[in-house]
């Protein structure tokens, strides 16, 4: 710790105190004004502490980071305990325990099955012991097996069958707006406007070929040479265009988040704008 | 040439500094930026602008507080535009938390309508907006598809009374207004699947002109309806709202938001361009050196 | 019938107001004379069946619309469906269908205590009212013969999925056995994976640790499972080179699995004594607190290489930018499509989507894993072929073809 | 045996879930709901494992006196405070003085205990032992004699504890929102650093991003066409690429899940 560190710390403490006092005065007469003034100051301090990381890693960031880690871990633990253990599990395990937690007991002849996850949960905790660590693999097997089975069919449906069938689009005529009535009709109805027939068809072609080339890029067991290589090349181009576009598209949302914090600092904390 | 290399290897903290300065400045400063208006928004504005005094527009406020930031500005800009032109409005809310949104907008807009304003060079005297004469708020009913169908027969079917409990028959502006037939158009401002019902059950069956106000993420999937003519205009997200505000010459929250967005985007683009200029310049130098 | 009338009067769907009801009798008086003419024709050909492919507790009611719906007096606004447990009633309103519709699905709850409970294997009686704009003016249908609901043991709507499961399982079986028999299988190089070994070597040279981030997935997420396989490979190399490994985790189960994985990799590398359990640790189950902590690690421990494999959300760019600030080589892979652009921009190597899954097979070089990769490729080839066939079908009027792929839930 | 049983379990549950998908009957639904419930409960037990790991790592840091060890006190105090708030409730209207004192005493006790573990010389050990004992006794005494607050060990009342809420609103939320908003800066610096037209792929990335970022910029020439082009980019090639990736990912997930069920992929059980 050198002198400048102390000076910075002192300035921060002073500003913190000043903000606390000013906010307390502004909130005088309200219930818990002192506490709330402290908390608003705290929130502003933590916001600035995180932003200071943009300059470089520093004591304030470390402070906020470590506090946040501890508080959030405990937050989720409390939530989990009250909502799952007390809210869901206890009312099915024992009447006495549910009475203790003031939860309505849910009687059912199948309640005994709820001891299984309790036993499995305890088996998971066995990992902390030296000799019974192997037990923790059982609950893990249950979780992984169940979700693997779940994923297997559900992704086959949503990411495979549904997606494949949605590539079946008309490339010569549009089903709803410009149905395929034969070549003569196609030529005589030719509509070159931006929302017209040709534009719709061009869109369908680009989508169709894009999907095919994209899939070709993801072939692993065939060398990407010749026609195959060229298609895979087009595939990666389309992927890159898409990634660039969605990067550019996301910027707007991220700036909105920043605006949210600016609003907090300048309106709620400093009161500079209304 | 050294400067070009500097352009390429600028410390990222300069990027951060400039970005925060520009964002804060454009957020606090009070000025407006031009907004690029797309035809699908312009068509909504010119439709409403061309309506004669006394015509009725139906506006469906079908969004919840979580879409407020994007959709509320549309409601504000559009309703004020109607009222300034002495066009009457009927409101409904087919989303559960919609009435709260509508209520808030009505209160704010009634206040601002009391003031004299000048839009697009036309002077508008402030006037009092009266419930039942300038607007009628029907309220919320569940099962939006059936409500939309019911209103196609008669507004009084799903809504015997308005939101405040007054029977529709005793509301002056609702005299002779039976169903969509007496409305110039319907404008649905929605953050969810109610839009689909308005298109298929409403526009599909009753054929009224329909325009949409949507959240940014939803917008892309509704463009086909614009092409097929089922919808005569679309406003997408904050961007769409800002365009309407621009057309109505009534800058509000959306234009404020777009101001920050525009300048922040320009800062990022500026840095990208700088990096590339530096990159190409230094590459040329390397090539020249290699030749020498 | 008395009940029916009462329900008709209390018909709440359109929230009759008392005021409107008061004005009603005046109009009704004048209409009393020819009131019979106001009543619409009843619906006909009523039939009810158990809803197929479900768990029971649901009935499908179908009818032919009233003659006065879309024609005749054209005054039907909607149909109201009533259900009873006995022929004599009481009948309860269970829902409505708009005019023009001839079908209603009466889907009840399976929960006995619920008010919308429909018992299975019990006689149910249905009746439909054709209702006009005035809810009091309505014509009921005949009461339908009893019908029973029941659950099915096979969902025929999901046959396409079953076929896909069988075909895919078969393909995998064929290629895995043929790979086990020692058939050589080609796998194209995957940039990001080739880089892993170099990156570990670099870390060793620099004497700096390697940071491995498993993302926010749970141990059951397939992306995390693929990441475990890559981790085991990385950990083995790390053990061989005697470099330091840091694995901060977001999910406690992921933590315990990762500990197991790293431990056995050290064992495989013949250096079980070098394994320290603290190298894999839990941070917190809060997205941004986790990011804050990992960012801190990056700027304090200065890892030579950061590997991000698994499920990532908004934090992808926060991690990758901080990592590049710390000057680390970064290798990433995720199946979260929205985050791939950020990894591509900020990392040195990125595994795009499926490449993450292929990487685990590629790394292991185990014939069984490579065999399943081959099966995946065949499935992709099938997609291309099907897409072309479907295209021809869509354009030349073979409309049955796309319906083969329709999954009904 | 110990190694085989888990894989047998994976196989059994995996196959069951696959079949379950095709059986709409109530029995199958009922088993499915049971299994999902079980997984949630096991997850909560796992959370204890995680908290223990966090605690151990922090304590270890303090004990070894590593650089930045002092910040670990903050993690522990934060952890403890939030747990304390989650299980207690002040009974008075406003924040009771006794409650406040009790919280401070307990925090002090934790810090003292950690110091006790960290120091090695016996004089210091004795001192920190005394401090922790005194603060503990004082905390217990305050807890007994102050009636402005109470333990709420038996209802989730703790989650309504105003301090629990306050910490969530004024400590967790601001940091969360700020961390999230750092993305605005990082997206800018990442774009500056990485968007260089080095080769074809990088140029495509760059051009697409620039085009979409300028979609509402009225100052550039041909602004209207830029808006149109970027809309097209978002609607057409984007759709194609997304679909190709989704099909690939879907197959990857399906194949990996199948490998897991059949016991071909075993890496996740710690056998490389």
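Going by the order they are written in, the chains are A, B, C and D; count residues from 1 in each one.
Here, a residue touches a chain if its C-beta (ideal position, glycine included) is under 8 Å from a C-beta of that chain, and two chains touch if they have at least 3 such contacts.
Just so you know, these numbers come straight off a predicted model, no measurement behind them.
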Per Cα centroids, the chain farthest from chain B: D
Innermost chain, where centres are averages of C-alpha coordinates: A
Centre distance in Å when chain B and chain C are each reduced to the mean of their C-alpha atoms: 32
Chain A and chain C: spacing of chain centres that average the CA atoms, whole Å: 16
Centroid distance [mean C-alpha coordinates] between chain D and chain B, Å: 36
Distance between chain centroids, defined by C-alpha means - chain A, chain D (Å): 11
Per-residue multi-chain contacts in chain C, two or more chains: 158, 161, 165, 168, 218-220, 222, 225, 253, 256-257, 260, 283-286, 288-289, 292, 300, 340, 342, 344-345, 352-354, 358, 373, 376, 379-380, 383
Two or more partner chains touched - positions in chain A: 50, 53-54, 62, 64-65, 68-73, 75-76, 124, 127, 137, 140, 143-144, 146-148, 151-153, 156, 160, 164, 167, 208, 211, 215, 218, 239-240, 243-244, 246-247, 250-251, 255, 258
Shared interface positions of chain B, touching two or more other chains: 12, 16, 23, 261, 264-265, 268
Residue ranges of chain C touching chain A (in the complex, touch as defined): 158, 160-161, 164-165, 168, 185-188, 190, 218-222, 225, 253, 256-257, 259-260, 283-286, 288-289, 292-293, 295-296, 299-300, 338, 340-342, 344-345, 352-355, 358, 362, 370, 373-374, 376-377, 379-381, 383-384, 386-387, 390-391, 393-397, 401-402, 405-407
For the chain D and chain B complex, residues of the former touching the latter: 184-185, 187-189, 191-193, 195-198, 206, 209-210, 213-214, 216-219, 223-224, 227, 231, 234-235
Touching residues (chain side chain C, partner chain B) in the complex: 13-17, 19-20, 23, 77-78, 96, 98-99, 133, 325
Contact footprint of chain B on chain A as seen in their complex: 54-55, 176-177, 195, 200, 251-252, 255-256, 258-259, 262-263, 266, 272-273
Chain B residues within the chain A interface of the complex: 13, 16, 23-24, 27-28, 69, 216, 226-228, 238, 257, 260-261, 264-265, 268
